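Across the two complexes that follow, chain A remains constant while its partner is chain B and subsequently chain C.
Showing the complex of A and B:
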């Protein structure tokens, strides 16, 4: 009886979740009248605006990951090693991007860094790109911080650092050649999650007026019929790919880690 | 004190976190503080509470009220269904492999929000959507003749629930895992029925987790903008869309009212996240 209800719950949920996915897949194939075809996908992939905006967002996601790793890994390392009393503060600050709605943060950017302010980042395209990069780094901060923090908790930081130092390694060497390889799996899962968040992000890009994939999606939604469904299918596949990669690297690490 | 001792007593260790502190202050704390401060300043730069009082205009109150109802309804539905799924996965006697599938799928769908979700939704329940056509051709039910409208309270709620359920599953499953077998055995030895065990032992232990996650889901929906904009084209007046339009073009005709609007949003998401943190601390007393 219990098993029946369990299957019923899973079944109802499966229908609720698969119907929209099936719906968008079916709709994306309907562009040619009377038969299923990949015309909508061809139309999307051939659109120069799609290529430009998607390329822009991929580059932004890559830069965000690099920027995030450079900011988070040394900081978490240093706090765990030298300033453990600061950990609750770090926890709190890295949680804030989940508490403060993103639209409020970008509102702050627009007002604080406008052309007549002391740091006129929105005055130039490059400055605005940098601002967007920082915004994305803020959005991914909770996930990146938690991933790296858990990763560093699993290794014996002090011993590794002292061993490396007694062999003559400087701080940069310690971080790049001892710590980073040890938390690579954690960093990678943070990175893939960051990619999934950044690639379709809308509010930051729209309000900072940058030609990213998110605003392109909204534009396509208002102006095209079948292409939005094709775009949704592609984005879903991309999100799925990111999650699969996270699982893959986590599983891989379990096999390679030495039993203690 | 010699100068070298003074030199050494400086907080050099703090330098290691300087890049992060600079980053957090410039791009997270200062922008937020700027908005909060702006909510309490008038056009001449003096302190005022006028902006906050000005929030109590019918159009703003209605937008917030709609947002709150929308977030609360989608959070309650998401909580209920997500809890049922998590219970089924943990206690349902289902194949073990299914659990991994459900958790991975939840990870994907909870991140599949925003604009693409809106597209999937339109392709399903729009005027020529998959389900709409299916219901019409196979069962002779015309959804739109029955008064269904995607750009409505229930239309938007159904879309939000799509990312609320997986989030609930992800957060509540570990909490249910924390229910110990000994507690059930102890209850059974003392003669408790299954219903009594759930009412008197399991649910009270889980209550803080459930309430906390409800608060988190509420905040999650309250701050969401992209799904609503892609679905309604910024037509539906909910608080985040009102703020979006205000940032784009000062639709309220008063820049400082925009600050106050953003401040009110921080207060609401802040309170619900606060509830989540307090409840989680309470839940951890039992679930270790």
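Showing the complex of A and C:
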């Protein structure tokens, strides 16, 4: 009896979650009257504005991942190795982006880096792109930090570092050749999450007036009928694809298997 | 000056003074063990030599060169860790060749050296395996090969056998010693296992409370302990109380039986002196300077040896008998006479 109620709860949750998605999927296929077709998807993929905004967001996501890895991995490594007492502070700082609304952060950026400030980043497209990159890095910080921190907790960081040092490796070699390859799965998890966040992000891109995918999604939602549903399905597919990749990387990473 | 010279080393963490006035000279090719209980400072000394800890005072010299403030990667010191510390993402061959690659050796030379090292540790076919595909003993051998591959000036072994099971531990310690002799590499071995230290080392440093209590060959440390701590920590010990009768002549009495020790006694006449006696120096048959009545309380069968706990007026005295299948051991409760020679007694400070 207990099992029945458990399955019933799962069933209700699945219906609650999947029914709207199925409805949206069905709607996205009904662009051609009287039959199912992929016209909405073809329309979206053929739209130059979609191509430009999606391409822009993909590049920004890639850069955010590189930027985030370069900042987070050495920082977490150093804190775990040399400053373990700072870990609670790190935990707190990396949680801040979850509690401070993005609109507050972006207004802060605009106030600090406007054209009349000492560092007028918003005065040029490149500067604003960099500001957006920093914003994305901040938004993804809680996920990247936790992914990397969990990865580093799973290896014997101190001993591996000391072993590499005793073999002549300097700090950069230790990080690049020993630590990073051994937390690659964790870093990739953080990277895929970052990718998913950046692709769908709206507030930063809209308020900094950059041609990203998020503002395009909102624009399409207000101006087209079937394409927004197709875009939503594609975005879901992309996000789930990222999650599947995390699983795949974890499963196929051969050196992370348990020792005999 | 010795090849590896540790002079007046000190290490403090705040008010906690973990290594105090530590001096040690190790000759080239020598195998020296740092032996002591947990927290005695032996690993801290090793880590200072490796460069992972900076001494609060003192100096470390290798081959006449001061290395006290050099970074670990500038010292050319090989180290083997208790937890193997093989790089999980690299194969065995890549692990062994790691230090050589860092040193910028040509790949052909790296391949040759790696093959030599794998041959040396008896795993020539394992180069393409990953660490998770090896047993604990194999992993530790690879760790040894990895540490030796760059031809370090000194090899440091930080309790490398502790994580292994008993049988592999015994065979691997013989292998390590054999490889060390073959390569003639100066080695410091840290352990809390006296059997390991005594069986492998040219010299043993017994440490306590951050200091070296005694430095000597295993035979000397075991048979002539200089302090009560060394006598207690290295091997098993019986403590007997004696009354000093003539300190200059080394005369004492044990349970009223007169005895002359091989050396003079640093105590006044009438003082109580503690004498140490190893279990293997006590016997049940034959002659002895002293014969004490006792009763067998317990027998512990330990394979080649039978440990007997005998109750005596001064407490329990332990003695070891060789296990001879044709001579059954005495029974529990049996009255016996414990015999030993005065020359086997060690006067403790």
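One rule holds for everything that comes next: the second predicted complex is superposed on the first by the 254 of 260 C-alpha atoms of A that agree within 3 Å, B and C clash if a C-alpha of one lies under 4 Å from a C-alpha of the other, contacts with A are read in each partner's own complex, and residues count from 1 in each chain.
As a convention for this text, a residue touches a chain if its C-beta (ideal position, glycine included) is under 8 Å from a C-beta of that chain, and two chains touch if they have at least 3 such contacts.
Bear in mind that the values here come from a model prediction, so they are computed numbers and not experimental data.
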First (chain B), second (chain C), both or neither touched by A:155: second
Chain A: partner with more touched residues, chain B or chain C: B
Which of chain B and chain C A:102 touches, first, second, both or neither: first
First, second, both or neither for A:182, with chain B first and chain C second: second
First, second, both or neither for A:21, with chain B first and chain C second: first
Partner chain in contact with A:168 - chain B first, chain C second, else both or neither: second
Chain B versus chain C as contact partner of A:221, first or second or both or neither: first
First (chain B), second (chain C), both or neither touched by A:120: neither
Partner chain A, residues of chain C touching it in the complex: 50-52, 71-73, 76-79, 81, 83, 85-90, 98-99, 102-103, 130-135, 143, 146-147, 150, 156
Of all residues in chain A, those that touch chain B in their complex: 2-3, 5-7, 9-10, 12-13, 16-17, 19-24, 26-28, 71-72, 74-75, 78-79, 82-83, 86, 93, 95-112, 131, 134-135, 137-138, 141, 193, 196-197, 200-203, 207, 214, 217-218, 221-222, 228-229, 231-232, 235-236, 239-240, 242-244, 246-247
Interfacial residue positions of chain A with respect to chain C in the complex: 155-156, 159-160, 162-170, 173, 177-178, 181-182, 184, 254-260
Complex interface listing, chain B residues touching chain A: 13-14, 16-17, 19-20, 23-24, 26-32, 34-35, 38, 81, 84-85, 87-89, 91-94, 98, 102, 104-105, 107-109, 111-112, 114-125, 129-131, 162, 165, 219, 222-223, 225-226, 229-230, 233, 240, 243-244, 247-248, 258, 262, 265-266, 269-270, 273
